[in-house]
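The first chain written gets the first letter, and so on, giving A, B, C and D; residue counts start at 1 in each chain.
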Amino acid sequence: MIALLSRDLKLAVRAGGGFGLGLAFFLIVTVLIPFGVGPETELLSRIAPGVLWIGALLACLLSLDRIFALDWEDGSLDLLATAPLPLEAIVTIKAAAHWLTTGLPLVLAAPALGVLLSLPQGAYLWVLVSLALGTPALSVIGTFGAALTVGLKRGGLLLSLLVLPLYVPTLIFGAELARRGAAGLEVEAPLLMLAGISFGTLALLPFASAAVLRINLR
Amino acid sequence: MDLTLADVTVARGGVPVLEGVSFSLAPGRALVLRGPNGSGKTTLLRTVAGLQPELSGTIEGAGERVAYAAHADGLKAMLSVGENLRFWARVFGLSEIGAALAAFDLERLEDRLAGNLSAGQKRRLGLARLMVTGRPLWVLDEPTVSLDAASVALFADAVRAHLGQGGSALMATHIDLGIPEAGIFDVTSLRARPRAAVQDEAFL
Amino acid sequence: MASIWEYANPVKFIRTTDRLLPWISVAAVACLAVGLVWGFFFTPEDYRQGSTVKIIYLHVPAALMAINAWLMMLVASLVWIVRRHHVSALAARAAAPVGAVMTLIALATGAIWGQPMWGTWWAWDPRLTSFLILFLFYLGYMALWEAIENDDTAADLTAILCLVGSVFALLSRYAVLFWNQGLHQGASLSMDAEENVADVFWYPLLVCMAGFILLFVALVFLRTQTEIRARRMRALIAREGAY
Amino acid sequence: MPELGKYAVSVLSAYGVSLGLLAVLVGLSVARARRVKAQLARVEDRQGRQHHG
């Protein structure tokens, strides 16, 4: 299992692995927002938590089709399916690798980009917490979508269409947690819901992803 | 443990391609599948490897004993030869890759990126992968594609060494490998009569 | 005693629904005509909402069917996964566009109703927002059916998507309620049938709901027949090629 | 025609949009049903002749 994880991480950071693309996209989205809505500090600081969440979500979406597509094309997926690893473990590791190469860098970059959006002082912690708690769910849900569309030509757009509605609860609770934290309101409810979604999807969705992958491989 | 197929029917996209396939393969033996293109050899091998379910019949002695190699080698261009092999070894719970590198004359290439190999070298690496799985039953689909005569000889030696250690091999290939332990199994006579796909039967 | 699963046989399904379809269609049209005419011409205005109350005869039944269509797809998907009856999978496929149009009607009428009430075409009211999300789920489900060539693979994958989607749709519903509680305290539109709807509005509404249900059943029967025939045609052509 | 008051446009457009959408849905469903039925009949006819003739 560790072998697969470390291979995926290695591949991501080597040339052509696409590591950093998501991060660059996140940066560009955050830079473009003020051009779109105007430079008014007060407005920016009010929408900053939501913008950071949307940016992270889109950056995440951008790299989903790579989760299985490359292994599908070069035959690795067939070979992995005959390996002594259950497919459930394989999809979980794939999701973990996606999070480590995409989600985690986004979480770490968010405070820096928060500066560009004049994120209020007290909000940094909550943006960080909500993204750290929510992005794993984005990776796991995205892995399910990637498994659904693995054999399809031009699956990229379909993948977005399938995954975006599934992202709604995570986005709502994540952004709400960041917003409430920033405003100094009670955060317990969204915190619990976001944690529940993350752990729930992490525990259950790999079974659906593995079932879908098995169907696509046969 | 023998690999035993009893009255197996395999299907491609739901359409039966081979039916009544029965044979058994003992340790130390190899079996070469013969048959024209499209006769279902690949489908049979994929079924034995557990990548798709058989339509009917029973397959015993496959499953966790299979190391499968197909047209696609499953190599990562951005990893070196050694890294590719070591990865597959670790997936199968092993770590030693020296013997595999030596058997397929890949030692000098160990640190080269797989993406920079020639087609034949890639193929050799793909076959070397079989040796690091530690699995007794090799299931090989056209293993000698893009190999030159010297490499085919290397491959035949590796297969014989594997058989000598009590392993077995089931392969689809058109060339004569010169392996005395190998039997021939011609699938031509077992081709399924043309009929509709199973998922369509309810609609006919 | 014939088992209900007999109707899972495509031929039997087509024969039975062929007999039922004219009756259901006539009943659907009759109910819709009576209910809508009654509601449109012969009900008074609401003291608060004025004549916009007449929109509920479309909005409420459409919203009802938008949700029930998804539930039906969920049940059909489960039947397909457990018992692998092809008719079940095709019925789910046939219901999706109907459900999507019902959702669209619920959204459109909701927005049109909201325009004079809220002074804007669209407000992120929790209920409307939920229907918008449901619409996205319908779109994804239909797109997945269209994208996959192998019929059984498509049935399997869409069934799992429907299952997973149902859980997330429910989660979204709660998320949306939670998300918007701060924005429109108490001001959310109360077009719930149960709440404060007097009998004079309630009876024509019931007739309209019956009409929408019958229309849905008729459309799903018809469209399932079409899907079965299309499947049979593909199977015949494939067999032609095989011989 | 009932007196719809100041909301006439809203009410009428709601009915128009909804009935229009329903009509499109029914129309497309019926049209496709007819088309597929005819195509199937043609294929069945052709195969029937091949098998018996």
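As a convention for this text, a residue touches a chain if its C-beta (ideal position, glycine included) is under 8 Å from a C-beta of that chain, and two chains touch if they have at least 3 such contacts.
These numbers were taken from a predicted model, which means no experiment stands behind them.
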Most remote chain, CA-based centroid, reference being subunit D: B
Of the chains present, which has its C-alpha mean closest to the combined C-alpha mean? A
Applying the document's contact definition, name the chain pair with more C-beta pairs in contact, C-D or A-C. C-D
Where the centres are mean C-alpha positions, what is the separation of subunit C from subunit D, in Å? 16
Interchain centroid distance [CA atoms averaged], subunit B/subunit D, Å: 53
Express in whole angstrom the distance between the two chain centres, defined as the mean CA positions of subunit A and subunit D. 41
Using Cα averages as centroids, what's the distance between subunit A and subunit C in whole Å? 32
What residues in subunit D touch two or more of the other chains? none
Per-residue multi-chain contacts in subunit B, two or more chains: none
In subunit C, which residues are in touch with two or more of the other chains? 232, 236
Check the chains against each other and report every pair that touches. A-B, A-C, B-C, C-D
Give the list of subunit C residues in touch with subunit B in this complex. 9-10, 86, 150-152, 228, 231-232, 234-236, 238-239, 242-243
Residue set of subunit C touching subunit A in the complex reads 133, 136-137, 139-140, 143-144, 147-148, 153, 156-157, 160-161, 163-165, 168-169, 171-172, 174-176, 178-179
In the complex, the residues of subunit A that touch subunit B are 2-4, 7, 10-11, 14-17, 71, 73-76, 78-85, 217-218
Which of the residues in subunit B come into contact with subunit C in the complex? 13-15, 194-197, 199-204
Interfacial residue positions of subunit D with respect to subunit C in the complex: 1-8, 10-11, 13-15, 17-18, 21-22, 24-26, 29-30, 32-33, 36-37, 39-40, 43-44, 47
